[in-house]
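Take a look at the structures below.
Shared between the two complexes below is chain A, which has chain B as its partner in the first and chain C in the second.
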Partner chain A sequence: MDPSSKDRPKDGWNPDLNQDEAIIAQERLIEKEIAEKICLIGAKCDLMRLSSEYPDDDNAFQEKIKDLRKRYQWMRKTRPDGNCFFRAFTFAYFESLLQDEPELTRFITVAEKSKEELISLGFPNFTIEDFHECFYGVLNRIKSGEISTSEQLQAVFNDQGISDYLVVFMRLVTSGHLRSNEEFFSNFIEGEKTVKEFCSHEVEPMYKESDHIHIIALTAATKVPVCINYLDRGQGGKVTVHNFPEGSSPRIHLLYRPGHYDILYLDSIQNGAVNNV
Partner chain B sequence: MASMQKRLQKELIAIQKEPPPGVSVNPANIGPNLTQWIVDMEGASGTLYEGEHFQLSFKFSPKYPFDSPEVTFIGSNIPIHPHVYSNGHICLSILSEDWSPALSVISVCLSIISMLSSCKEKKRPPDNSLYVKTCSKNPKKTKWWYHDDNV
Partner chain C sequence: MSSALRRLMAEYKQLTLNPPEGLIAGPVDEENFFEWEALITGPEETCFEGGVFPARLTFPPDYPLSPPKMQFTCEMFHPNVYPDGRVCISILHAPGDDPMGYESSAERWSPVQSVEKVLLSVISMLAEPNEESGANVDAAKMWREDRKQFYAIADRLVRKSLNLPLN
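Moving on to the complex of A and B:
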């Protein structure tokens, strides 16, 4: 039955309608609409475009966007599919690797070590190998110069098959770090869940949104410091800024709006040629 | 699509080379393009299902392994278990919400074996007759709620 059928009683209970199917069909429809409208990783655009997303008289947001513009000139949007933190983080980091061979070499070793750690934690060998192979493949294409521009990298990240493999690997790296440091992280998990349960419910599955704990674990595991700018309706006219780990000097910059992460770029004068559009 | 078949090919080799105890895959039961498998499963010895033979149907969408496989018991012997409906549908969180692409056919089989093995009393889920009457043919179209992880 078509769940959007007009025959459906307006507010009554329709016993002929399978409610589960209707809910799922509606969720799929929303996902499809989002997927058609928003790329996994969008083009770089002027940060001021953000202000057009809020009413002119919405002072709380407009003031904060102006504040944000003092430090950042560009942004890149990501698709809000629950993977946005991982995808934004990975894209922004890989983009920085285009100009930084020593860091790329370091990171290839980190990824290799993570793979071994995951296998030693009991993750199925061949699925881990599978994800690592794809992940390493992209890093290697950066190393060889086959991927040398942001546009080429963006095309790779918009190929859903590859892009999702990269996200999965980063999710697993995060989970591996949480599980290896179980004692420490168990203090941050609410309720009765163990770290292992938390990982299998909230970290490893695709489309599950990220929280502070994911960010702490991923930045610690990869040693890639990130700066997150929180844009919300809170008081004060200034965005709240958090560096992970605390006190680090960030390599990549993200924008957080409740439930979603996008990528930010510093003012091009400060950041030189890397940020040329 | 290509990544899905590459992955399933690897999984098929792995499960044939080192199947979990009691699990086997007859190559004749692998559907076109690897999108459907039938997996044979024996009830583990020392459990309530010892000596029983079951069949599991696995269906894979083009989005596998990002989307979970559709897994149901099929055939004449559907295990009587508090999480298995008489139409073969299984209430197991890794088959929907908690699915992760790091899981595989082998890990699903292991979870199902462990679910069966830890069962203390053979009975159907309390809402079996209503569910079987009203559910979709595809268990992935059910919004499951998991009340008890311990069975």
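Moving on to the complex of A and C:
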């Protein structure tokens, strides 16, 4: 080995380069590559497609997918960008509103009130009004019939500008619920963080993944019950099913695989039976 | 109008109507709301007291989903400012973007932060450098080991920013 080599810069090391920004730039590039491959909200497809994502002899997954197919027939994939829970939840819920005017009317009132609630919690109006307006605007387009089909709604959710603003607003609603029930939720936050710190680090910023606490808060704030099917490598051959809130009869159904949420649709023939899961 | 532009106009209006103490900020020219200039007053009872430091803020097209960048356009010597003037504080980064290792409780970027919050954080940074995050290694070392010398340099920067004769 050349004895002087230790004095030379290492391969690829450039002392003038800002390492911080180089790492961040690389992360952004990876995210962009993912973004270009997968729609924010994909087309509805047969749940059979899920089996083909795993090797045939991967029994842990194949058995559980069979179990899942007893109740669900279709799925819709979402982009794995850390916002998938919020985007999947919002799309599935809005899609259900296309055929449910009383629920739409109820939820428009909830959305209307939520802005005042956020302001009363200390969010400056100018930081939340654009998100609220966008969210409220989409609900009104559903109400007026301008958005009346799943395909139209899907197009709205694949318009990144609108789609991300809907996600931000749902994040704020979640944060608002956590902050207004600070005492209760402080028991569920690990480490030394306060509820406020948790909200500003783990809920309000884009791309931060969701945990149980986000789901509990969002379903409670919106009063939209959700059923989540957990598909992982655990033993047992059956997916684990959780309803939020516990004991509720779910309005929307999501599939969770470690780190990611997609949307599920019931088998229309067995529709009635599933609510009793 | 893009949503980023609408938000920046709202923030500019807000800052003009209720200017926080010690700072002025606004677009460099009304044609381009994505480049702002800010003037930051050194906080009282610190070594930067009385100085008026100009900086440039650059906003991304998806602001406020992503944070702005900030760079002093005057000479600056501070542990959390790169030698080329770029400011390195936690609020300018989304959580996750943290190879610098900020404290986990430090304030982070999110869409409900604002230019005002960023500038107020910069004023706090001038008052209390974060020793863990050394953007300028020489400044961080001097702050730790030779505070007197650091104060002397800060005093020179204050005078320079005011066009006063240097001692």
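One rule holds for everything that comes next: the second predicted complex is superposed on the first by the 248 of 277 C-alpha atoms of A that agree within 3 Å, B and C clash if a C-alpha of one lies under 4 Å from a C-alpha of the other, contacts with A are read in each partner's own complex, and residues count from 1 in each chain.
Here, contacts are C-beta pairs under 8 Å (C-beta built on N, C-alpha and C of every residue); 3 or more make two chains touch, one makes a residue touch a chain.
Treat the numbers as computed from the prediction; the structure is a model and nothing was measured.
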{"item": "Fit or clash - chain C, chain B, common chain A", "value": "clash"}
{"item": "Chain touching more of chain A, residue-wise (chain B, chain C)", "value": "C"}
{"item": "Which of chain B and chain C A:Lys193 touches, first, second, both or neither", "value": "second"}
{"item": "A:Leu172 touches, of chain B and chain C: first, second, both or neither?", "value": "both"}
{"item": "Partner chain(s) touched by A:Asp130 [first = chain B, second = chain C, both, neither]", "value": "both"}
{"item": "First, second, both or neither for A:His201, with chain B first and chain C second", "value": "both"}
{"item": "Footprint overlap on chain A, comparing chain B with chain C", "value": "18, 20, 23-24, 123-124, 126-128, 130-131, 161, 164-165, 168, 172, 200-201, 204-206"}
{"item": "Residue ranges of chain A in contact with chain C within the complex", "value": "18-20, 23-24, 27, 123-124, 126-131, 134, 161, 164-165, 168, 172, 191-193, 197, 200-202, 204-208"}
{"item": "Complex interface listing, chain C residues touching chain A", "value": "2-3, 6-7, 10-11, 13-14, 62, 64-66, 82, 86, 88, 93-97, 99-100, 104-105, 107-114"}
{"item": "Residues of chain B that touch chain A when the two form their complex", "value": "2-3, 7, 10-11, 14, 65-66, 94, 97-104, 106-107, 134-136, 141-143"}
{"item": "Residue numbers on chain A that touch chain B, as the complex places them", "value": "18, 20-21, 23-24, 123-124, 126-128, 130-131, 161, 164-165, 168, 171-172, 200-201, 204-206"}
